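All chains are identified by letter, namely A, B, C and D, in their written order; residue positions are counted from 1 within each chain.
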Amino acid sequence: MVEALNIALKQEMAKDSSVIVLGEDVGKDGGVFRVTDGLWEKFGGERVIDTPLAESAIIGASIGLALGGMKPVCEAQFDGFSLPMLDQLISHASRIRWRSRGRFAAHLVLRFPYGGGIRALEHHSDSPEAYYAHTPGLKVVIPSSPYDAKGLLVSAIRDPDPVVFMEPKRVYRAIREDVPETEYTVPIGKANVVQEGSDITLVSWGAMVRECKEALALTPYSVELIDLRTISPMDTKTVIESVKKTGRAVVVQEAPRNCSVSAEVAATIQKEAFLSLKAPVKRVTGFDTVIPFARMEGFYIADEKRIAKEIEKVMKF
Amino acid sequence: MVEALNIALKQEMAKDSSVIVLGEDVGKDGGVFRVTDGLWEKFGGERVIDTPLAESAIIGASIGLALGGMKPVCEAQFDGFSLPMLDQLISHASRIRWRSRGRFAAHLVLRFPYGGGIRALEHHSDSPEAYYAHTPGLKVVIPSSPYDAKGLLVSAIRDPDPVVFMEPKRVYRAIREDVPETEYTVPIGKANVVQEGSDITLVSWGAMVRECKEALALTPYSVELIDLRTISPMDTKTVIESVKKTGRAVVVQEAPRNCSVSAEVAATIQKEAFLSLKAPVKRVTGFDTVIPFARMEGFYIADEKRIAKEIEKVMKF
Amino acid sequence: MRKTLGKFSVDYLQILDEHGVVTGVMPKITNERIREMYEQMVRARVFDETALKLQREGRIGTYASIRGQEASNIGTAFAMDKEDWLFPSFREDGTMIARGFPMSALLQYWGWDERGMAVPQDVNIFTIAVPVSTQIAHAVGYAWAMKLQKKKVASVVYFGDGATSKGDFHEGLNFAGTFALPVVFICQNNQWSISMPRSKQSASETLAQKAIAYGFEGIQVDGNDIFAVYTAVRDAVKKAKEGRGPTLIECFTYRMSDHTTSDDAKKYRDAAEVVEWEKKDPITRLRFYMKQKKMWTETYERELLERVRKEVDEAVRTYESTPPADIEDIFRYTYAEMPPALREQLEYLKRSVDETKNMGGTNG
Amino acid sequence: MRKTLGKFSVDYLQILDEHGVVTGVMPKITNERIREMYEQMVRARVFDETALKLQREGRIGTYASIRGQEASNIGTAFAMDKEDWLFPSFREDGTMIARGFPMSALLQYWGWDERGMAVPQDVNIFTIAVPVSTQIAHAVGYAWAMKLQKKKVASVVYFGDGATSKGDFHEGLNFAGTFALPVVFICQNNQWSISMPRSKQSASETLAQKAIAYGFEGIQVDGNDIFAVYTAVRDAVKKAKEGRGPTLIECFTYRMSDHTTSDDAKKYRDAAEVVEWEKKDPITRLRFYMKQKKMWTETYERELLERVRKEVDEAVRTYESTPPADIEDIFRYTYAEMPPALREQLEYLKRSVDETKNMGGTNG
């Protein structure tokens, strides 16, 4: 996935000279995960910019850069370090179009690696998508595969609205697949039916899609697996139609549960597919605690077995 | 409610010398809504502290103050200005007990006025409770009446965990009721059944409880009205038991809908009271936009009529 | 071994003292231009007085008065070139008006109607920033874009004394210094941040010296002296466009009114202090000067006031005759294109307004 | 009128140069104490080398080496009194060990086990802060509490050169200055913030001069000279406790290793630079001094190394023989008392682990 993202950036930068990349260590170093590797050499220090260590200013300046006609793709180094950006994101990036009645807009992308599973330090394993998804005016996009990563990042860079692009670092290198060299986009706002099925709908996004796929092998049921791809604004239609067909749903996420994206999915399903539901929508989520360090992390992040088990329970409800 | 909060602060400060108040303009000025009025005169500048204009440092220093044995009650001047505090709240206040395996704790309260309906400027009318509720380790408390405000604030000040105490500014002065002079507490973590009923459960919190109460007069049904009081960790038991009895539920909030507290309530109800549900849980919420200025705000915040109408629709489902 | 690594200093500039006496080097501006400056200051004051009156009458909402800060407001406007961009906080109505922002739109903004912030296309002003200090990064980013595009355009950003305490101030100025960006930072030090006096905001003797932390120049100017403000900002704008980096300008001025119309300064501020500053009024001062130079007569003043009042009254009429927005306006600008979920919410709201219309109550 | 409002300067302190020659005023410390300093520096180095080795062998996780920064790490530890509090960032293992933090617990922390951060009751150290600069406000708040309680206790807080760019740095130092709090701010300027050289972090000539913005003293010291570090911190701690406010100390030092074990400095850093700094090694330098003073012999060194290695090996054994945590440990410290919702989640997890035990796969 790292490579796919890298190619997307390279292609968009080559195509559109207003696209610039900025963040901590994105230049010579190529980013701590090497997503921006080679960009500095190719496009120079004016378009691939190492900034001082100040996340709030990175996003704040990106807003100004966007006003000035650039298309900044800025990076937070890790999930936990996107939090100092929340004020500028919520107070400004998400609202500038609204506040100026369409006169100004924050055409920018904030990308960052998120989630656990890489045996990282504290504040390096969080899944904060709900904070962003709760914020009107932001788009929140999370790819689950290299193919999607490339196509969605291109769409994000071209999107006139501020896009929070979260990269599941656990599958940065774990999932390998051939990605077309040629330019393509994957549309923002559309969920992906990964596998069709008739017994139960399984909804997920990001790295957990991998665990969901693995769970398919552990369950005898015909599962329809939906990868949300865009967390907000959500493609509820695809989800609802699926559940209307299957009558059952499990939502899988890595993030803590309380007021999370899975809550929105469950609340929406029960509202819109009520009469089709044969069992309550089940949420398989992280717990409402800090995600533990690597030694205990495996208990926190649901694995394919836990997912398969929950599918079974919902089927047997 | 302003007076009730003021008395709570005075009583707790008189009782426990480690309780201090800090924030912007909380001293001589008594706070922009006068919640801390008279405290500076009574307890002096060492315990009622005007700080420089820096929200992140207010909460960050409060963490340090708590470590040093104080019980800081700090203030953000408005909802929108609690956002610069998110990083310190999420990265530290909420996690310090967890990270230090119980050695350290952030015994502090962050209080701020929130919500619309006072014809305020931009960033002065937001309802950001979901950001806080999604954060494990924080407690989120919202009173709806002067009586509760006093009792809950006292509980919050005594609570060893970090409490985000959000004050519905719309009813700061709008709701008047006699509040006992004597000391009392209202427990954190317990919802309040405002009115019992048998047809439908109406769940809300904060200022919207007033609109819900008003809606009761507009509807012929027997409504059980629940005021959550504590948003997180939520008293789901009271809600679930009620819905098991009534079979129907409407959740009312002022905040935008996506990934909000109402989503959590709806998701929980459908899961835990599935077999009792006669209709989908309905959410009556703010929209996924910025809350508009006063001229249009009345369309954004649900009024008693909209609530009554939705109750009717759920009853007729 | 103990040695001195670096030495720094911070200067103060005044050109016109409070008696209207020239104490420094006058900028090279024509009398015509001085008269325009005076006129804009008067316009700002009349607008301000009108806004305060409208607020008292419930015709607009909470308003932040600029009284006493007209020189800081207007000096900057004149020091900027047409192509430069202004990033205001919420106490620069004067600057905005002088730079072409319609007064009626400003009233609309303060009058509970977000449509007032639809900045006209030919006006290089960014939306008013209410969250203190947050606009600084925007100005920095804009300047950065200009630098990258090799355009000779400067960003000029306003903020208060209280704003210097926020992290956004620090991060923004550090970015500007590091990348040598064409930004002019204007701190209107009006001595108060709501109830906090300047002395309690920071232990630094001046706010201008904070620039030392970022490796560029800071200067304090008499913020009630429009010539000093003009000179400092003009120099800074020139320097910015010549690629010589940012400047921090502390305009030492005074907030004559309450913080906003929701505030009551009597609660925390000594009335005597206000009386002292009254003597330093920026408009009176320029009038003294113009009188000496025979550029001011009672007739001129009368005609000017009359003209400006008419304009302002006209703006009030325009504001008050603006038809209300439609419901869709709440949803319209959240995204470039309205996503299905939002469209549904809009349709729901329309339905709901309809359904509840005849139930009596507060809405619709 | 243009006049100078204020003049400022920033000093540099060195006592022991890179050849071990005393170039300044030695602090008043016994030879015994100097030997303890040396010992702690050696301990820090041995711990560091061991940690790097463990990381390479997959026995601990990502680790941030302190090599080259031992003087800055240890000088401070000796300059603090028992009752003072240390607020570390993530590159002060030496300081923490010298102040009594168990090495085995540190290894546990870097070894994917949060129980390592359960700071022992009698150790006045706050948890390691990974989000850069965030610990500054905590130190400030702690110092504030001490001041309010009229206790003579100082906070000493560490951060890097990169950290000075963050808003938290600014807000924290400004609070400390405004309230004249007993805090010592120690910036370990190791010239790099991952791949960003100091020169690109800020246009300010020194980091010490940033204190001018807050109205208190900043000083740069040779951070590889333990006597300079000790002297500056000692003075600052004394000043703090005497109620004379905070100090910013920039320890001019160097990160000899990669940023962390996840980093590869070769990608962005010239090897020649590292070679240059090698000559300024803080341990070698003190050894030169001690040799001159006849405080150091080969035998002493050998015995010392042997002893320290044994201790570190013992710590590794303790760490590696620690039994795993139970599942409840994930939930236990989220709140003082586990709320019902969390208890349900715990019960669910226990059940789930049970139910899936025999399904094969990665968990349990």
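Assume a contact is a pair of C-beta atoms (placed from the backbone, for glycine too) under 8 Å apart; a residue touches a chain by one contact, two chains touch by 3 or more.
Computed from a prediction, not measured in an experiment: that's the story for all the values here.
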Problem - Labels of chains that are neighbours to subunit A and to subunit D - result: B, C
Practice task
Name the chain whose C-alpha centroid is most distant from the C-alpha centroid of subunit A.
Solution key: C
Problem - subunit A-subunit B separation of Cα centroids, rounded to whole Å - result: 30
Problem - For subunit C paired with subunit D, centre-to-centre distance based on mean C-alpha positions, whole Å - result: 43
Practice task
State, to the nearest whole Å, the distance from the C-alpha centre of subunit B to the C-alpha centre of subunit C.
Solution key: 35
Handout entry: Where subunit B and subunit D are represented by their mean Cα positions, the distance between them in whole Å
Key = 39
Practice task
Enumerate the residues of subunit B that touch no fewer than two other chains.
Solution key: 52, 54, 56-57, 80, 83-84, 87, 91, 98-99, 122-123, 136-137, 233-234, 258, 287-290
Exercise for the section: Specify, in ascending order, the residues of subunit C that touch 2 or more different other chains. Expected result: 114, 131, 165-168, 171, 174, 178, 200-202, 334, 341-342
Exercise for the section: Just say which it is for the chain contacts: an open line, a closed ring, a star, complete, or other. Expected result: complete
Fill in the blank from the handout: subunit D partner, complex, touching residues on subunit B are 20, 46-47, 51-52, 54, 56-57, 59-70, 72, 87-88, 91-92, 96-105, 136-137, 139, 159-161, 189, 233-234, 236-237
Completion exercise
Residue set of subunit B touching subunit C in the complex reads 24-25, 27-30, 32, 50, 52-57, 80-81, 83-84, 119-124, 218, 257-258, 287-290, 292-296, 298-300, 303-306, 308-309
Practice task
State the interface residues of subunit C toward subunit B in the complex, per the touch definition above.
Solution key: 61-62, 90, 112-114, 128, 130-133, 162-163, 165-167, 193-196, 200-202, 262-263, 267-268, 324-325, 327, 329-331, 334, 341-342, 345-346, 349, 352-353, 355-356, 359-364
Exercise for the section: Under the touch definition given earlier, write down the residues of subunit C that touch subunit A in their complex. Expected result: 114-115, 117-119, 121, 126-127, 131, 134, 136-146, 148-149, 155, 167-168, 171-172, 174-175, 178, 332-336, 339-342
Problem - Residue numbers on subunit C that touch subunit D, as the complex places them - result: 1-15, 17, 23-24, 165-171, 174, 177-178, 180, 200-206, 208-210, 212-216, 220, 245
